[in-house]
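We call the chains A, B, C, D, E and F, going by the order they appear; numbering starts again at 1 in every chain.
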Amino acid sequence: MFSVTIRDHMMIAHSLRGEVFGPAQRLHGATYVVDATFRRASLDADGIVVDIGRASEVLHELLGGLGYRNLDDEPDLAGSNTTTEVLARVIADRLADRARDGALGDGARELDGLAVTLRESHVAWASYERAL
Amino acid sequence: MFSVTIRDHMMIAHSLRGEVFGPAQRLHGATYVVDATFRRASLDADGIVVDIGRASEVLHELLGGLGYRNLDDEPDLAGSNTTTEVLARVIADRLADRARDGALGDGARELDGLAVTLRESHVAWASYERAL
Amino acid sequence: MFSVTIRDHMMIAHSLRGEVFGPAQRLHGATYVVDATFRRASLDADGIVVDIGRASEVLHELLGGLGYRNLDDEPDLAGSNTTTEVLARVIADRLADRARDGALGDGARELDGLAVTLRESHVAWASYERAL
Amino acid sequence: MFSVTIRDHMMIAHSLRGEVFGPAQRLHGATYVVDATFRRASLDADGIVVDIGRASEVLHELLGGLGYRNLDDEPDLAGSNTTTEVLARVIADRLADRARDGALGDGARELDGLAVTLRESHVAWASYERAL
Amino acid sequence: MFSVTIRDHMMIAHSLRGEVFGPAQRLHGATYVVDATFRRASLDADGIVVDIGRASEVLHELLGGLGYRNLDDEPDLAGSNTTTEVLARVIADRLADRARDGALGDGARELDGLAVTLRESHVAWASYERAL
Amino acid sequence: MFSVTIRDHMMIAHSLRGEVFGPAQRLHGATYVVDATFRRASLDADGIVVDIGRASEVLHELLGGLGYRNLDDEPDLAGSNTTTEVLARVIADRLADRARDGALGDGARELDGLAVTLRESHVAWASYERAL
């Protein structure tokens, strides 16, 4: 199995609902360093998993739709806590949609899976991985 | 599949038995930067894999029972080499026990697996992963 | 010259005033991984620059007074943009106050200087250094 | 499942064929920081996955056969693009050969799999993993 | 003293002349992860050292003029070995020129100094720092 | 001013004397990731600060004289606590001796200074810098 990972980041504000979050129930924020991993059993004719230039642009654009915002005010995310885990799935699912609609190139339709890791500090991170 | 990872560390002395270890047969030591990963197929009602506050406390307490010690003198570890691989399993198994006894919260009983990585330097690390 | 650095972090929300900040004029947030460096020309009788245990506690407490908050609402920070540079100085100045009032131990009164670096992402960070 | 990872690096020149590569079609180069991971279901009698000293030597020697070269001129690699993905497989396959021929020690014949990750920058890396 | 650092990278081919370079006398290549640091005694009216958006664009454009090339063929660099040290100075001097010609904004004319670090692997890097 | 840094590591056991060290008064150990920085105002005829190959060998040999040992038993270090700060100075002073005796090459006699940083964990490190 092959994989390629690219890294970008976003900076957001949010608050979390539930006693388990302690002081993180207050409005605060985070930098998420985002690693998007694309998996594929075999390489395409160019010898790659995915066009890394396109994948970087798509990820950057997608993070631009979340970053520099207060996620508490985003209608798309209403009704769920925007925990690191939840945001990893949101980004992975949106990347999967873009892969299917051809934004990552025709070859990306052969991808077997993808994973998204959000690093919220030097001591904590969360991931979500899924099939394609 | 979701996962959450937290990082802590411990500093220990030990020696390793066996010619394969060369100079590491002498009494020496290591800082292990410890990454504990908790895996779960679906999130709980709060949108998390595990209560990261509790998990950090449990990991810190557990490492406090190993750190700042000469592991050659620990009865619990007698009879086996305390290699990085072995210590990764010891920590993973102790975390699994704590998850089962409720120390990580009721939700942690839904965890599917966990993994522990011990980084012993900038050029070497070892992991152990297991089901729960 | 000797130095010792310790690392901790804080997660905050804020907005920045001024066209130069582009989308960061909106309410957003950041994780700042904070490196606090203590400098001293010679070591104390124990062979250290500063009591690293005390320094870590003081830094953690100090970051606890900023973290998990919307800095736009903090009276202490009103009237200035809470840029990474400004926050590095705020933290350095507060650490300097604690060093002078003895919170880092008597030896810390011999410190020659300190520096604070705030890493806001994998591609950007800011520092402020000052004498003591 | 246990794993052990060791890190080394190589510095190479090459060019890539195909419009998808844009400016990387020109002769350029890369430092690849190489992580080789060895997996095994159970540890050997010494409590290890593999003799890390031998594994490091074998990896270093193997990278020495690729590094400080223009890969466009290497007969072994002719006919395929030397993308990060392809090079990860080349290195993994050569390591697998060395494990089978005993260069990593008798115990290494019990390895269940291996993975090779090539980090080409702080924002991109590729991996290949295979059974043994 | 304040500083702000931004990170980018470039991938180049080159060879080095001189016995001291051993196998690096052959045509090979490198990824340089480039950290550009801007220093200033006091902040501007916005509370910043430099417009980080502009600085990132200028650095990226400047690295685009070196990257994805065989530096042995670049007339600008003829006559000197393109060691990591030399390239750090080349980039620092070009950034200094851009600061002086206003490309980093009017405020950047108040910069006191800058430093450029090129990381060529996980175990080696070089820096050049200069006044402005 | 130019600088070049190389990274290596050592693994040691030791104990620290003094109440300030708390549990670190017990026999324990550490991995020190060691960064040695060589500074020089101008480059030599080859365009380098120091022969990085020789410097790496000298550093590795020097760390080999400390690593895989219980530092409490080393006569050379008797009478002082082997804190991270003290060890940084020991290594810097030994490197300075080697630079002066020609082990780093004739050019290394032109070095202006050096610094040694010992990273003891992901959250703490110490440095010592000196003139040459």
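Simple rule for what comes next: contacts are C-beta pairs under 8 Å (C-beta built on N, C-alpha and C of every residue); 3 or more make two chains touch, one makes a residue touch a chain.
Everything quoted here is computed from the prediction, not taken from an experiment.
Fewest steps needed to get from chain B to chain C, stepping only to touching chains, is 2.
Interface comparison, C-F versus D-E: the higher number of contacting C-beta pairs is recorded for D-E.
Centres computed as Cα averages put chain B at a distance of 30 Å from chain F. Multi-chain contact residues of chain D (touching two or more other chains) are listed as 7, 122-123.
Considering their complex, residues 1-8, 43, 46-49, 51-53, 56, 105 of chain A touch chain D. Per the touch definition, chain C reaches chain E in the complex via residues 16-18, 20-22, 80-86, 88-89, 122-130. Across the complex, chain D meets chain E through its residues 7, 9, 11-14, 23-24, 26-33, 67-70, 120-123.
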